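One structure below.
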């Protein structure tokens, strides 16, 4: 089976920072980016630390975090 | 002081019969009379048994029973 | 299972006839809050529905009643409520939602004397403008005005038909005089009834746009649970039903909602005429007052006065053109309604510069035929 | 104690001006339920009232708000509520009670796009008929339509004055375009304000009949707690205020309630004219749309077209006579309102057979001056 | 025989409205006539005064209200006092003997008065609630506004279970009426 | 100088509406002009796009809406994309340097474009929230729609407590604007 | 009423409106009697009381009391009373209305007024139905009751009024019946003197409507109020009510909390 | 959204309407997520669910779910839902709406629907204010809170929603927060399967409105939901709620009573 990984859908993110704050494994960090909507999305800094626990996907109010097949290894 | 007595204001009575039923001293009885409004008011059959307790004046829904100065002796 | 349509002739009151009209029309949901003089409709429905499987619920208030009626309508049932003026006043916000989301439903107003609590047990025709203009925003409504117990039945059926055909709330404007009047009622055989059902989608769910209409301007309507999974909102919405605050969408939507009624004014309009062919004085009346007017017009003719009666059976959409035409050859128009001046304004607008004489009437009784006759005589003099 | 009247010039929005207008007018009670685009009025009042001793309460809904306003009015305070279309729809039953019991109060409707939830943040003029016809039964109402931030202030004061003078609810019909518009507002000095208070009884309590009126048709009004011990009811009532279901009492009461407004139409009516003296095309408009119309009329004149503007500052009671007179020498009348055809019907009724051209407008913005100019040009062509 | 107007008045509990219904139903359903019935109450919540108006005609009935009835049935002194004067000239007033106590002075020479002991008769029949049917019988006998069979059929409609008793009351009323005719 | 129309657009939190208020208030209260201001938001509850329209004139202003502004201030790429094309011919478009990234191709030769590094400047001043005042300074310098003193007075009205900082931002913006004029 | 006779309550009642419109045996007259007698016994100034009602048979009560009085719209008595209470804290605002008026259409205003602890006394006549419109079932009608709109028996669970009002925040909550005239009068006296939102449910026979449907005479209904009641000092949640078996009556809540008006005046003092 | 990417919830959401209108950090997105995930995990037929909302930020939720959905008028979601639930007992009727919608203007419908035990699940987003109209105080706002209409601090006592609903007759009553995503989802799953009136209060940060007024960032608000909550199995009356100190959360009521629809169908069977 294909490996899974956490993925950010940047167009949906509103930059609340919940993922950064509440990921138990410190996977996210604040980025410097400002999107077209004036939003600062997170950056996935430690993808390998992710346990795919799914907390961030559920806490993200904007459906911007999903766990998907890692196409790189697919 | 003038003596008091229980008095029926017939025009106000609607004939519910509460006074007859609930007077602890059985002062009232059903009459045969039918008033202009089609109502059968009580008759004061035992005025002397009345203790002026006031229950009937309060239970009468029509303000038709009052305790008043007995003019006869006034 | 009991008979749905109680074919036969009976001596009953108007509210009873209305309830049976609803049942004959296929009404499957009725919600209301008791109010004089409409409560008897609910009482009849409460008796009949459990046997027929119709859903009757007495709500905590009129707002809840109309809201649940709209919910039931979206669930695929023909639905109705009945009340009188104070209840309609409370329902208006949600009747506006029914207009906006295009939920077919019937609202019976058994009118009583107003304003406010007024004369709860007595008849009046004071809510005629309210059912056209009571909602905020631009709407068009349909309203029918029975004049007899028989028409309480017939027009209730018709009200359902129109509401289904145009996907819009329809008012039945009766009054205490008719609701509480006992007369002969003949209920036809089931197969003699003409019933209309809302147009259903023909496209598969994936292609269905709940608010896309063809040239009829009336979109086909899916029901909740049918698999169409549509969204409906009281916000300004596009053909998908999605909120869209653009000027264009608002313009298109409001025009369509109004035009689907306006453009069909001729089709919707129902009137009855009495000796209008050569009339010099045209009397316009509706509902209970039209019965007085009919007597007056007959009496006038007996006296050689050329009077005619135009009875409006439908009040809204208002038939401007028809009025204008009918009044063309008359010297004057008399309007008799049981209020202090409501539909007369519409008549004036339609027939001016033809002179219009208004006969107001307040308090329980319609005009006596004599009062209307007198007015005819004065114009003819 | 802080200043009641905030004399001076400021750059503020219409809702703010309305709140200050109420305070200047002596409003002592304000109840409302939040709703766009009227909430800012409550927010300003909430800031100011505690300092001034005025009573502000946010209710659980609009029905409670208007009911409490009427209660406060009977308690002797000048009282107001503000809302928009959905809120007015809910208030209508109790506004009818205010009419029936003759409780002075002011109802501000900052109109937004309808029907139903419609376009909550956007302006419209779709509730113009509602405030006249939304209540069941026969009523007459007074309604004023500001066109600027300054008029939000001025006409709020005027609305209180009229409600006190005629003992009747008065509508201020604004819209989101004005409520949320920022403009210059000048508040006069307190002593420059003309304020009207309800007529008080002059008879001793034992002789006071709360619903006996002199030829003004407006009865003097006692307040609760003043020792008059009067009873007021929404039922049809006699001069004592007691329920009386007779035809005569209903007839007399409803006529008086309506006539006290109707007979004073000339006195209540406020209009503004622009180059109407010799105009061939009379443009009729009100509120925000009148500003577009004003530009259009000026532009028309620059182009040699004889246009004039009649701006209705008061909408109800509708000034039939005035309209008729103003239109006398015009070739045609143009009505521009931000809806799909409301007050235009009144204009038609008043000026017919003069041709009337209606310019509907739906969705946020008033007509552009160009659109109105184009209509003027077509008539002139 | 065109339009006939009959008013029945009394107080709540006397079966006034029922009487109106039985009469009008008889005309409309069992006598080939047009008929309608209206009712009204005094200010009281229940009880208190009440009346019913019945109109019959061989032509459709437009105006549904009564101003001057051809016939008044008064079941109370109040009803008599309020409505007797509204009866049209040469009309008839039928009143209940024990409940309406009037002297000749209260009588208008242009009207015909008939005293019917409806309550006493009903009591004789063992059910005071049938006084209204006794009155209806008298109305039939004195006015002929509907055929007797129609009234009987109407009673069957209205009292499927207590038909016999009410029919008996009706017949007694007709006899009482005929005695006065 | 009669009617002038200025539109400022961006997203929530940038102080767009405040900028509009300060500008219009300056004209209306401190510059002897007539002025009005309107505002509007995107569909989002809060945040999201927003814009304010300011109209100034030496005569009373009737029609309160803008269709083709004389001047657009774009504080976001979205604002630029949506509104730049609405600017009237020979009008000017002022855009924030770091937030609006456009190529010459996006420019209409009939309009004048001015890039202002408002965010950077505000950051230099130590408060990114003053970018809006930097922009206003540029507007003043590039359009002269209100006098500089009027703007300064308006800032005092609006920020009684943080007046100095905002005035500084305004002046920096004016300088930046003058460099472009 | 004849002229000569002076009724002992004639200062407190609008004698020119008697007899009232209520049916024979209707408990509303007893509630009215208890109310005016309570006022009398407290020697309260009639000029300083406002009696407010909604619509219904009970709602007619305000029309017979010789105070300032307001007969409003159906279900809205409480917001009217709130407007009065807040505007004129020097007056005592009393609401007398029916179970339908206060708990069917008016339920929301009731729980919110209780929550805010607006200073007023609410006397609720509970006759288990909508008397005025002809005895239809309502939110107090016992399950399975046959009424004109529940001809096969009502299928709705009734509210327990005292529980609902108490859990909304009322500071005084009692239930009595019209049979318990002395208790009732005392409860009203307490309520008239209380600062805060006070609520008294009064079980009252609807003799013509509910009584006739249930084939009970007025006297039988009254006997039931005597025989099926139990005075208890319990938590309002436990003050169960089943008219055909047992009705728990008594004074259930009496606490003191700052009223809406008091907090408002405090806030005004601070704001100035 | 870009084409290539298939969102794991794309069958459950109206993807063409994302991003939704809610502010950054608003808890409503989390409630929506929990709702659709609960449906997904139960493998429920999306054709057989109707989602109903009133008006407010929370009320927008129905517009994003890929079920039949109805965005009604302010405060009336419950009667609409009642009409649907009674008409179509084969569907699951779910209401998602705000504390203001359900308990300010809509409070009466709520207590009556609970009393009747109408079969539906009500998910109430409680953000302690009217978010949509700009963060004014409402019937859930803690005493003394400053809002645009209570600039000197609110002077009204808030309702305890779970207590009120439970005392009105609801058969399932829970309170969770958007921080407690797993508990929340499980409660919703239970509610979706439950027959009867079920109520879940979800404490949810209004980040722009309430948060900004109280000078809290979204993250701070979320931390508070984590730190100030205490899961307890108590009587709903004891499930106190004070956002700044302690919020008791948990599943408080779960009983089975015949629903309105069930009793109605029984009655129909008898009547025939």
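By written order: A, B, C, D, E, F, G and H. Residues from 1 in each chain.
Simple rule for what comes next: a residue touches a chain if its C-beta (ideal position, glycine included) is under 8 Å from a C-beta of that chain, and two chains touch if they have at least 3 such contacts.
Quick caveat: nothing in here was measured; it's all calculated off a predicted structure.
**Student:** Looking at the contacts, which chains touch chain E and chain G alike?
**Tutor:** B, C
**Student:** Report, in whole Å, the distance between the mean C-alpha point of chain C and the mean C-alpha point of chain G.
**Tutor:** 39
**Student:** Taking the mean of the CA coordinates per chain, how far is chain B from chain E in Å?
**Tutor:** Computed value for the inter-centroid distance: 36 Å.
**Student:** Where the CA atoms of chain E average out and where those of chain H average out, how many Å apart are those spots?
**Tutor:** Centre separation, chain E to chain H: 62 Å.
**Student:** Provide the C-alpha centroid distance between chain B and chain F, rounded to the nearest whole angstrom.
**Tutor:** 87
**Student:** What are the residue numbers in chain D that touch two or more other chains?
**Tutor:** Counting only residues that touch two or more other chains, chain D contributes 50, 60-61, 63, 86, 93, 97, 101, 116-117, 121, 233-235, 243, 245, 365.
**Student:** Do you know which chain E residues sit against two or more other chains?
**Tutor:** Touching at least two other chains: 43, 47-48.
**Student:** Spell out, as numbers or ranges, the residues of chain H touching 2 or more other chains.
**Tutor:** In chain H, 22-24, 26, 55, 71, 73, 104-105, 107-108, 112, 132, 139, 152, 264, 267, 270-271 touch at least two other chains.
**Student:** Every pair of chains that touch: which are they?
**Tutor:** Pairs flagged as touching, ordered by label: A-F, A-H, B-E, B-G, C-D, C-E, C-G, C-H, D-F, D-G, D-H, E-G, F-H, G-H.
**Student:** Quick one: in the complex, what on chain C touches chain G?
**Tutor:** The contact residues of chain C facing chain G are 33-36, 39, 42-43, 46-47, 50, 56, 58, 60-62, 86, 116-117.
**Student:** Can you check the complex and tell me which residues of chain E touch chain G?
**Tutor:** Residue list for chain E touching chain G: 43-48.
**Student:** Please name which positions on chain C make contact with chain D in the complex.
**Tutor:** Result: residues 63, 84-86, 88-90, 92-93, 96-97, 99-101, 111, 113-122, 124, 126-127, 129-130, 132-139, 233-236, 245-251, 254-255, 257-258, 339-342, 345-346, 348-349, 352-353, 362-365 of chain C touch chain D.
**Student:** Name, in rising order, each residue of chain G that touches chain H in their complex.
**Tutor:** Going through chain G, the ones touching chain H are 104-108, 111-112, 115-117, 139, 152-153, 155-159, 163-164, 167-169, 237, 260, 263-264, 267, 270-271.
**Student:** Within the complex, which stretch of chain D touches chain G?
**Tutor:** 1-2, 28-29, 31, 50-51, 53, 55, 57, 59-61, 63-65, 67-77, 79, 93-94, 97, 101, 224-235, 242-243
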